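Look for chain A in each of the two complexes below; its partner is chain B in the first and chain C in the second.
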Partner chain A sequence: MTMTETIAPMTSRERVLAALRRESVDRTPVVNPTSVATVELMDMVDARFPEANREPELMARLAATGHTELGFDSVMPVFSIIQESSALGCKIQWEQKDNWPTVKMGEPIYETPDDIHVPDDLLERPDTQCVLEAIRILRRELGEEVAIIGKTMGPWSQAYHCFGVEPFLLLSLDDPDETKLILQRFKEATIAFGQAQFEAGADAVTLPDHATGDLVSGEYYRRYLQELHHEFAERIPGPIILHICGKTVDRMDSIAQTGMAAFHYDSKNEPAESMAVVDGRISLVGNINNPETLFAKGPAEVKQEVWKNLEAGVQMVGPECAIPLQTPIENLRAIPEAVREWHAAGNRTPTTAA
Partner chain B sequence: MPELTDIANEFIRGEIEEFIERPEERDRLIGLFVAAKPDQQDIAAALVDGDDDVVDRLTQAALGGGTPALEVMDDGLIAGMAIVGVKFRENFIYVPEVLACARAMKAGMAHIEPILSASGIEPYGTVVMGTVKGDLHDIGKNLCIMMLRGSGFEVIDLGVDTSADDFIDAVEEHKPSVLGMSALLTTTMPNMGKTIDAFIDADLRDVVKIMVGGAPVTQEFADDMGADGYGKDAMACVALAKELIGVTARG
Partner chain C sequence: MGVIDDRWRRVELVPMDPHCSDISIALYRAEEADGPVGLVHTYSTTSEARARVGSLARALQVLGGLEPVGEQPGCVRFVCRTWHALAAKRLFLEAAKHNPVQPLEARALDVPDTRTAQTIRIEPLGAGRYAVRADGATDEVPSRAPAIAAALAKLAELELAGDEVVVFPCGHEHDALVALMLTRAQNLRAVLREEEMKASRGVLVAPSAQQ
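For the complex of A and B:
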């Protein structure tokens, strides 16, 4: 499109779906592919951890605050990364209101690929059902107004949970064939849970698969995951937002070739450089820093980071990852405010009309 | 002035030539390996290659042949890890490769530690280490602990998911010179600051130096929450621990 075209006002959902397709939008959407739940929001709507991770009504109620209280264009009910692991039988530390549920990776449930058993009723287990029901509730409550983002764990992250991070990373070096077999055996669970979330009403799913530059090389991503991620893009029936924390610019070219709709990227990567690497082949979403900016600084600093993303032409802005639970609400509200201020000043990205 | 060509082991020569770019590090490593006996160079080479079986065998052979345990550790294992540390810092290798080298170091240390313990060599000091509350990741912490122990520190490992109260109890019990906290998640990093605040509230902040690290942690974050130091990786952790307690060389 040209810069002189005018786009009619969009709903939040329309805006997010267009940005996922790298189409024109009326303004850059504010999106959270991962959790924006905070203790303050939990108290505000009386839906607290750990129950809000296990009871669909509470999960949906807390997720809705991303739109109703913060003004984001999306809601995201899967606050943690433990739902499938719990369903597979991993030991979970459910924690309390002020802490995240975590898989006890020091007590792995598998040692070899032959140990992997994805049960036929994976999607009927309480912690997977909870997500599906929460998505149905959100769709019912929010209608077509807001984009609903689900989450299905990628096989690399799932292997960390089930085999333990250290044993799995050592295996990846010692026995590449066994490693590939493990990834293959987790693959169908990733696809099935993603598909079920679209059927429940999700508009997109985040697919965390933590092959981060803080742990493994870009060559690892190409060797073990690029093809699998391409398969997910082909077989999961809707837009996928790949999430990998940390330094990833060295593998963004490979990620951009997978056919996934978007990549959720971290503040360790420069927006302009990242946009240049992906070169219009995948949308970027991110990359407001969590620990130093959203958690510890103020709205003015948050806005500076938002504007840096907008100036680089990033298609969707939001926190880089799941935010600390004690993040101040005013810092989160500053993200949509910054987007509106930037556009109100007459600024445009390549996908926002004049 | 020792030259690269003075190093007997071809693999070590190649590693230094290919991966060690900073002149001061290159000079230090060349000096270190030129001074090391060929047997220790072989141990270092096997460690850099991540071959725990060879390290195990060569360490036993060196000790059996009468080489002092401290020499095998310093000139073989630690010297090898110095190359590994630089390769990791410069992104020539990543965590799986470092874990393989750490596994090899562990294989060698299994023979050396009992000898050092029995010989009564005093440690530089005691370090209490733990991953903060809510965080169950421990690879980085474990690498730091291994390097600290290998460098002459006594380390008390509190494991993962360590509450502020657990850190305080450990400091009161073990009276360490340094406390090290690790976090991998941006969601749990704030618990480092909370732990430091708990030490202030308990009037114990001045009794111990506090260092922090972990993939998402930065110097700025460490400064903001009042830590005494930040280490980017396991090698930096050892250097920082020594700096915090004023160590310059093995005494």
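For the complex of A and C:
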């Protein structure tokens, strides 16, 4: 399609799916591959943490606010990163309304690869079932209007949760073969949960695999994860959005070769540099800063970051990661506002036609 | 209550109000023709939420000397018609701590010092100037007044005029506000620690950074 062609107005879902394929869109979609839940949204629809992480009706109701109240083109019901870990038997601190549930990583459940046991009924356990049912509810309630994004945790993140961060990182230094064995044993859980979410009605899944820029090098990514991520792209039947926090530009070339649809990237990476590295092989989504901008500044600063991404040609904009639960609603609403203003001023990205 | 209109910017949030079913409730600010105004607002739709907006706005008036604005419930402003940003944040947090079933009254301008036997006393000098006095200072236990004045200046963004005088930049009297800040100025470190903990709560960190 050339830049002069006109694109008919798209639904949010059509817009997101096209951007994941790097096809032309009527405007840049606003997408949240991770949570945009806040305590104020919880009150608005009476769906609070921790219950909204464990009861499908509440999970779906809170997730829907991403579209109905914030104006995003997607909804994402899997707010936390612990649903599968809970199903696997990790001890969870469920916390209160104003904080995230976390795995008690000081009390790991595994010590060796032989301890790993992915139960046959993983997808029937309450905290995985909750996600699947929430996706079904969202599809029923929102129809084909909005993109529904699920989440399945990658094996590196699962290893952190089940073995503890320090033991697993030390193992990755001392025993590469055992490390790879662990990742292989977790991978079927990642695939099964991803497949099940597509069957439940998800349009895409986020796959967080926390080989983060601060602890894991680009070389480690290539050694341990690139091939696995390629396998996920082949075996999970739908678009995958890989999520890794931190400065990751040193591994974006490798990530771009995995066949995943998109990479959810952090504000520690410059949009233009990141776009140059991935070079059209994978879509980028993000990278509005959470702690300094969305949480602590105002709509004007949020808009500046959105425009910087649009000017770099980034395919989808949104927060860089799960937003702080106290983020002001007006800052989140500034993201779609900024996109509309930018396009209304006659600006175009390479994938937005006139 | 729905999303409030675009002109409002959130100043401070209490994510779980212990005095009203753990609802979130916040102070917002907007620029109006005759100066900045604040608005207590909650997105909670519970029946008690509306009453809580009113009680919290009343607490801002009594504890901080703010005045009501128009008919909109929860709308307040500083009597000087300017905006004291840090003081407003801290006033809101202190007001939210007040149990609505307890009597509500402005704090006194003198308090016993928590670290010495001195009494700390605030003396209004007019035009927004307040002297901090420490009764009972001795050669062995020097006056706490300079430390309290410095803490007040930091807590409420006041100017220091010498070691023991603080000044509101607006040049107006704010007796209730300075009295409220006085109780917290005695342990500034605790205030800052509390704020730091509040800011970090609800922020999701990558598994690699979790304890």
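We take it that the second predicted complex is superposed on the first by the 354 of 354 C-alpha atoms of A that agree within 3 Å, B and C clash if a C-alpha of one lies under 4 Å from a C-alpha of the other, contacts with A are read in each partner's own complex, and residues count from 1 in each chain.
The rule is simple: a contact is a pair of C-beta atoms (placed from the backbone, for glycine too) under 8 Å apart; a residue touches a chain by one contact, two chains touch by 3 or more.
Model, not experiment: these values are computed from the prediction.
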item	value
Contacts of A:Ser172 with chain B and chain C, given as first, second, both or neither	first
Which of chain B and chain C A:Asp43 touches, first, second, both or neither	second
First, second, both or neither for A:Asp214, with chain B first and chain C second	both
Touching partner for A:Phe198 - first (chain B), second (chain C), both, neither	neither
Touching partner for A:Glu292 - first (chain B), second (chain C), both, neither	first
Which superposed partner A:Gln93 touches (first chain B, second chain C, both, neither)	first
First, second, both or neither for A:Cys321, with chain B first and chain C second	both
First, second, both or neither for A:Arg333, with chain B first and chain C second	second
Chain touching more of chain A, residue-wise (chain B, chain C)	C
First (chain B), second (chain C), both or neither touched by A:Tyr224	neither
Footprint overlap on chain A, comparing chain B with chain C	99-100, 102-103, 105-106, 165, 169, 212, 214-216, 245-246, 290-291, 295, 321-322, 324-326
In the complex with chain A, residue positions of chain C that touch it	1-3, 6, 8-10, 13, 15-16, 22-24, 26, 42-46, 201-204, 206-211
Chain B - residues contacting chain A, complex	50, 91, 93-97, 99-100, 103, 133-139, 142, 160-161, 185-190, 215-218, 220-221, 224
In the complex with chain C, residue positions of chain A that touch it	35, 39-44, 46, 48, 69, 80-81, 96-100, 102-103, 105-106, 157, 160-161, 165, 169, 210, 212, 214-216, 245-246, 290-291, 295, 298-299, 321-322, 324-326, 328-330, 333
Residue ranges of chain A in contact with chain B within the complex	93, 95, 99-100, 102-106, 165-166, 169-170, 172-174, 212-217, 220, 245-246, 290-292, 295-296, 320-326
